[in-house]
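What follows is subunit A paired twice: with subunit B in the first complex and subunit C in the second.
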Partner chain A sequence: MIPIWYYAGKKMSNELRSRQVPLLALAAAFSFVIMMFNVPIPGGSTGHAVGGAIIGIVLGPWAGVIAISVALILQALVFGDGGITAIAANCFNMGVVMPFVGYYVYKAISGNSEITSSRRVIAAAIAGYLSLTIAAFCTGVEFGLQPILNHTADGVPLYMPYPMSVTVPAMLGEHVLGFSFLEALITALIFAYIQRTDTTILYGENSPLQKKKQKLGASA
Partner chain B sequence: MDKTIKNLAIGLVVLMILAPLGLLAVGETFGEWGNEELKDKLGYVPQGLEQLGSLWSAPMPDYAFPGGDESMGMLSIAYILSAVIGVIVCGGLLYFVGKHIAKS
Partner chain C sequence: MLPEWMKEVDVGPCRFSAVYHGKKGFVGKTIDGIFGFLQEAFVSETYAKRPGFLQGLDPRAKMISILCLVFATSVITNLNLLIFTYALTLMLAYLSKINIAFFIKRVWLFIPIFAGIIAVPAIFNIISPGDLLIQVAYLGKEAHLGPFSLPESIYITKQGLNVAIVFTMRVAACVSAVVLLFITTPQQVLFKSLHSVGVPKIYVLTLEMAYRYVFLLMDLVREMYVAKKARTIKSRSMFEEQKWVGGRMGYTLIRSLDMSEKVHMAMMSRGYNGDVKIMKQFKMHNRDYAAVAAAASLSTLLVLISHNIIQV
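For the complex of A and B:
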C-alpha cells in the first residue's frame, strides 16, 4: 500500500484544486460515518456500505484512495475497528478497489451521455453495486489465502481459520445479496443530488484538461 | 462555501445523529470476530491472532467508552461521539493538508 499512497499523494498535490478541498474533507468524514451503519443480514452477520464509489466518481479515484484510507486508519487506531495489522488490506480493498472500480464503471456506462442524464444515475448505481461486490470478493480471497500462507507446522491456521471455499462465498454472498444494494442506493442518491445542484464539482468536469480539449475541439 | 457542499455537510450531520441505528444490528462482520467469539465458534483461538491481539489497544474499542456501562443510552452517546471524533479528525486533517497543497 505504501507506494500507492505515495503516488496518490503526488497526484493530489498536482491536481487538487482549492475548491475541492472541503469536498475531500467531507468525503473522508462521510466514509467514516457511513461505515458505522452496521446493517444486519439473515444468518447473524452484519456489514456496511463504504461510499467508495461515489467518492471516486466525485473526487476522482486517486483522491478517493486518500479520503477512504484516512477514514480506515482512524477507525483502526482509535476505535479498534478493522485492526492495525489489517490496515493495508482494508485500505486496498475499500480504499483502492472501490473508488477505481466505481469511477471506471461509471465512466464506461455513462459514455458520452449528458451530464444531467438519468443514464448517469443508473451508471452510478451500478458502479456502487460492483465496487463493493468486487472489494468483498478481494477480501474473501485474501481471507482464504491466510490459512494457506500462515499455519503452524501441523497445519493449524495461525490467523484466519476458514479456507477459501468458505471465505469467498461468504464475503461475496452477503454483499451480492445485501450490502452492495445499499452501496448502489447511496451512490445513486448522492449522484442524483449533485446532478441537480452543481455538476461542476464532479471529477473531470470542467477540469483544466477538459477545458483544453474543448478549446482544441473549438479551434479545429 | 458552495451551497451544494454545505447541504451535503448537513446531510452528514443528520447521518451522525442517526448513527446509533448502526448499533441495532447484532452479530459480527465476517472476519472481524473477537477472541471470545472465535473460541465459541472454533473451540480455540488461532495462535497468531492471540499474539497480535495485544499489539495495540485502541483508546475507544468498538466505538464505546472503555469500561463504561453497556446501556443502550450510554452506547448511543459514545457512538455519536465517535462519529463526531471521526468527522473532526478525518475532515480536519484533509482540510488542512488539502488547503496547504491545493492550487487555487
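For the complex of A and C:
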C-alpha cells in the first residue's frame, strides 16, 4: 500500500499544488459522510453505499485513492472499528480497487458520448456495480490467503478459519446479488444529479465550460 | 451568585438522542446515525480531557506503546495471553479514569457485527473437524444441502470452539487497545503525533482538515434529512425516495468540492503556499520513555511466550 500512496501523493502534489490539501480533505470528508446516507431498499430495510466508484469518476482515480484512504484511516483512528492492522488491506480494497475499477469502467463505456447523455448514466451504474463486486472479490481472496500464509505446524489456521473456497463465494455471493445493485443504483443517481446540475466537477472532461474554469483556477 | 447545582460538573458522558414514534425508516435512521456519530466524538473528547494515567503521557509515546501492543496481540495465538492483554487494557482504562462499563460496551459494540459472523460458523465440525463437544443435529447418512453433501451429524468441536474464542478475544484485545488510544487523546493531538510515526506532514494536515469538515458535512446532511422529515406527510414510492437520496449525495459532493475551492482561496489569502508547517508542543519526559520501554518489552515478551521461545 505504501508505494501506491507514495505515487498517488506525488501525482497529486504535481497536479494540484497548493490546492491539494483542501481538495483532498474535503473529498475525504465527503467519502466519510457518504456512508451516513441511509437509502431505502426493498423489504422495508435500509442500506448505504460505499461510494468508491463515484469518487473515482468525479475526482479521478488517484485523488480517489487518497481521499478514500484518509476517510478509512479517520474511521479506524477515531472510531476504532476499521482495525489498525487491517488498514492496508482495507485501503487497498475500497481505496484503490474501487476508484480505479469505477473510473476506467465508466470511461470505457461512456467513450466519446455527450456529457449529458444517458449512456454515461448507465456507464456509472455498471462502474458502481463492478467496482464493489471486484473489491468484494479481492477481500475474499485476502481472507482466503490467511489460512495458507498463517497456520500452526499441524495445520490449524491462526487467523481466519476459512479456506478460499469458502471466503470468495461468501463475499462474492452477497455482493453480486445484493449490495452491488444498490451501489450501482446510487452511483447512477448521483451521476444523473451531477449531469443535471454541474458537469464541470467531473474529472478529465474537456468541455468548454471546464476549460474556462481551469483557466480561472490557474490564474487564481 | 450561582446556585450550587449550576456549579456541579457532570463527569459522565451525556447522551444524544432523537425521539421517534413508530417505525424509523431511512430518514430516522440517518438522523440517528448522525447523532450517534456526534455523541461518540463528544464523549471521547470529554474523556481525553480528564486527568488520568494515559492522558498524562506524551501522545507520541502513547501511540508507539499502543501500536506495539496491537501488533503483539495480532500475532499471539495463546488464549491466556490474549485474556491477559485484554485485562491489561481494562486496567489502563481504569487508571485513566474511564468508566469501565462504558469502555467495555464501547469495545464490544462492534465485535459481534463482524467477528460474530466469522467466528460462529467456525465452531461446527463442517469447518473445523475435531473432537465432539456438543451435538447439534443428527442428519442421517448421505444428507445433502443442494449440491453439497453434509456430514452425518453436525456438532460443535473443541478445536472449532477454541479457534472461535481465540479469534474473538484477539479482536477484543486489539479494539480495546485502539479505543484506549483515541479516547484518551484529543483528536488534534492524535493526528499531530502521527507525524512522529512517519506520516508525511501534508497527510497529517489533510487528516486534520478532513476531520474538521466531517462535522460540517454531517451537519449539512442532518439538516437535509430533518428538513425532509419536517415536510413529509406521506412517503413517496421507493424509487422516488432513492432518487432523492442520490440527489442529496450529489449535492453534498458538489458542495464539498465548491467548499474546497473557497477554503483554498481563504488559505492562499492568509499566506499559504503549499508548504505545511506543524506546531510542535510535545515534550518527552522520563515517564514517557519508561512507558515506551515497558510497552515494547511487554510486547516482545508476549510474542516470545506465545511462540514457545520462552517457556513459562
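Criterion: the second predicted complex is superposed on the first by the 179 of 220 C-alpha atoms of A that agree within 3 Å, B and C clash if a C-alpha of one lies under 4 Å from a C-alpha of the other, contacts with A are read in each partner's own complex, and residues count from 1 in each chain.
Just so we're on the same page, a residue touches a chain if its C-beta (ideal position, glycine included) is under 8 Å from a C-beta of that chain, and two chains touch if they have at least 3 such contacts.
Here the structure is a predicted model, which means the values were calculated and not measured.
> Quick one: is A:I201 in contact with subunit B, with subunit C, with both, or with neither? Answer first, second, both or neither.
After superposing on A, A:I201 lies in contact with both subunit B and subunit C.
> Can A:N112 be said to touch subunit B (first), subunit C (second), both, or neither?
neither
> Just subunit B (first), just subunit C (second), both, or neither: which does A:I54 touch?
Only subunit C; A:I54 stays clear of subunit B.
> Classify the contacts of A:L185 with the two partner chains as first (subunit B alone), second (subunit C alone), both, or neither.
Second partner only, subunit C.
> Pick one for A:T139: touches subunit B only (first), subunit C only (second), both, or neither.
After superposition on chain A, A:T139 lies in contact with subunit B alone.
> Please write out, lowest number first, the residues of subunit A touched by both subunit B and subunit C across the two complexes.
Shared contact residues on subunit A (touching subunit B in one complex, subunit C in the other): 13, 17-30, 32-34, 36-40, 46, 66, 70-71, 74, 76-81, 83-85, 152, 156-161, 190, 193-194, 197-198, 201.
> Across the complex, what residues on subunit A touch subunit B?
Listed in rising order, the residues are 12-13, 16-34, 36-40, 44-48, 66-67, 70-71, 74-85, 139, 143, 150, 152, 156-161, 167, 170-171, 174, 190, 193-194, 197-198, 201.
> Mind pulling up the subunit B residues that touch subunit A in the complex?
1-5, 7-9, 12, 15-16, 18-19, 21-32, 38, 41-42, 44, 46-49, 52, 55-63, 79, 82-83, 85-87, 89-95, 98-99, 101-104
> How about subunit C: which of its residues touch subunit A in the complex?
Going through subunit C, the ones touching subunit A are 25-27, 29-30, 33-34, 37, 40-41, 44, 67, 70-71, 74, 77, 110, 118, 122, 127-128, 159-160, 163-164, 167, 174-175, 178-179, 182, 187, 190, 200, 202-203, 205-211, 213-214, 216-218, 221, 238, 241-243, 245-254, 256-257, 259-261, 263-265, 267-268, 272-274, 276.
> Which stretch or stretches of subunit A touch subunit C in the complex?
9, 13, 17-30, 32-34, 36-42, 46, 49, 51, 54, 58, 66, 70-71, 73-74, 76-81, 83-85, 152, 156-162, 166, 185-186, 188-194, 197-198, 201, 217, 220
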